[in-house]
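Quick one: structure below, then a few questions.
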Amino acid sequence: MGNDVRLLAAAFDPAALLGAFTAELPHAGGVVSFLGQVRAGEGVEALELRHYEPLTLPAMCDLAKRVRGRWDLDGLLIVHRSGTMMPGEPIVLVAAAARHRRDAFAAADYAMDHLKSESWFWKRERRDGQWHWIEPREQDFEDIARWG
Amino acid sequence: MGNDVRLLAAAFDPAALLGAFTAELPHAGGVVSFLGQVRAGEGVEALELRHYEPLTLPAMCDLAKRVRGRWDLDGLLIVHRSGTMMPGEPIVLVAAAARHRRDAFAAADYAMDHLKSESWFWKRERRDGQWHWIEPREQDFEDIARWG
Amino acid sequence: MRAKLVFLGRLEDVAGRAGEDIAASAPLDWYDVIGWLGGHFPPELADAVVSEKVRVAINGALVADKYELVLADGDELAFLPPVSGG
Amino acid sequence: MRAKLVFLGRLEDVAGRAGEDIAASAPLDWYDVIGWLGGHFPPELADAVVSEKVRVAINGALVADKYELVLADGDELAFLPPVSGG
């Protein structure tokens, strides 16, 4: 199965996407998924992700190819939102299916670290009616450095 | 949210369980899941997992408590089948929700390693009409040794 | 006294059944149980359960040292071969 | 020649808009572009885009060394501040 990489401007249903992804992969022993969502209850009223069409999706596709080259996978799904999202709404879904559990875990983990720190998204959040741009976090660089 | 630990004798829908789990956790930034299913296409006609009622579910609950004590999670779901399963059918679903992505990945990974190598399940598979018991694999002991 | 034996995993196949009721005039220790198995089942069963790899549980509690166990009235003794993993 | 400038992330807020068409009688180098920005936008925009942390892309391809770029007719030049991560 090829890579399924999507950049979506509207809300998506992670359970439905994951169910469809898995249904096509009865040969895979294991599927690891990561779902990232806008955290509720921390004063964030909305989150906006901006992207740059000519760069963002092509870079996500390149990342998917790198992940496939590094681990032996049966399938890889990368779905990322752009636009404005409300608390509790899904932002990103990554799923890696593999014969071996360790490959699926490592591939999903790697994909998330690189999506978070290297993808062409600019993020701001609204608190008390004011939008604030989010700066890169040191933790993201540390996460990505793990992979050498 | 408490731990949700289930030992099921009949087929389950992983996407529906995962969707319900996530819907209750809008405060979690990330949810990592692992789905293990009977591999299709390798000559296995059926898989049977036997368990021992007084040990199996209590040990799964103990594992869940250990995972919660080790990482800062918002929720933990562990679902395991017993009985006879067909190729492509789900065997196990683990989901860990956390504020921080790394905690969710590590918790799900640890839970799977320990479920696989320490849980009270005895497994056999049917090939060419004959049932064969599955022996423990060296890889499982290596996986679990990673956690010290 | 009456107790119950439970054979898990491949031991069920060796025994030919999942469990067996056992009756005796007094509590049984490990060697009594093995002797009883030898008298009621194919010899492969007693050979299998004496393996270090087979653990036992009484009433759902793992027994640390099976050579020390005492089976009393109403107990359930389970023979647990290595779990399958993977 | 005519080209298009695109301001991403917080640069859009500094510029006050997401993009701008630029017209000139000849291809522009990096310093020409900065000068043009200085003449058409608040000074904070030119100050921001000269930062080492701001990368640029021409027609969707990242430019390795922005001091070497040449903007020609029909090009789209994007200013890319650091991505947000996490």
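All chains are identified by letter, namely A, B, C and D, in their written order; residue positions are counted from 1 within each chain.
The rule we apply is simple: a residue touches a chain if its C-beta (ideal position, glycine included) is under 8 Å from a C-beta of that chain, and two chains touch if they have at least 3 such contacts.
Remember, predicted model here, so these are calculated numbers, not experimental data.
Trainee: Can you list every chain in contact with both chain B and chain C?
Mentor: none
Trainee: Measuring between Cα centroids, what's the chain most distant from chain B?
Mentor: D
Trainee: Provide the C-alpha centroid distance between chain A and chain C, rounded to the nearest whole angstrom.
Mentor: 51
Trainee: Where the centres are mean C-alpha positions, what is the separation of chain A from chain D, in Å?
Mentor: Chain A and chain D have C-alpha centres separated by 28 Å.
Trainee: From the mean C-alpha coordinate of chain A to that of chain B, what's the distance rounded to whole Å?
Mentor: The computed centroid separation for chain A versus chain B comes out at 23 Å.
Trainee: So which stretches of chain A touch two or more other chains?
Mentor: 116
Trainee: Dump the list of chain pairs that touch, please.
Mentor: A-B, A-D, B-C
Trainee: Under the touch definition given earlier, write down the residues of chain D that touch chain A in their complex.
Mentor: 6, 8-10, 12-13, 57, 59-60, 62, 76, 78, 80-86
Trainee: Tell me, which parts of chain B touch chain A in their complex?
Mentor: The contact residues of chain B facing chain A are 13-16, 18-19, 22, 26-37, 39-42, 87-88, 99, 101-102, 104-105, 108-109, 112, 116, 143.
Trainee: Across the complex, what residues on chain A touch chain D?
Mentor: Chain A reaches chain D through residues 50, 52-55, 58, 116-124, 133-137, 139-140.
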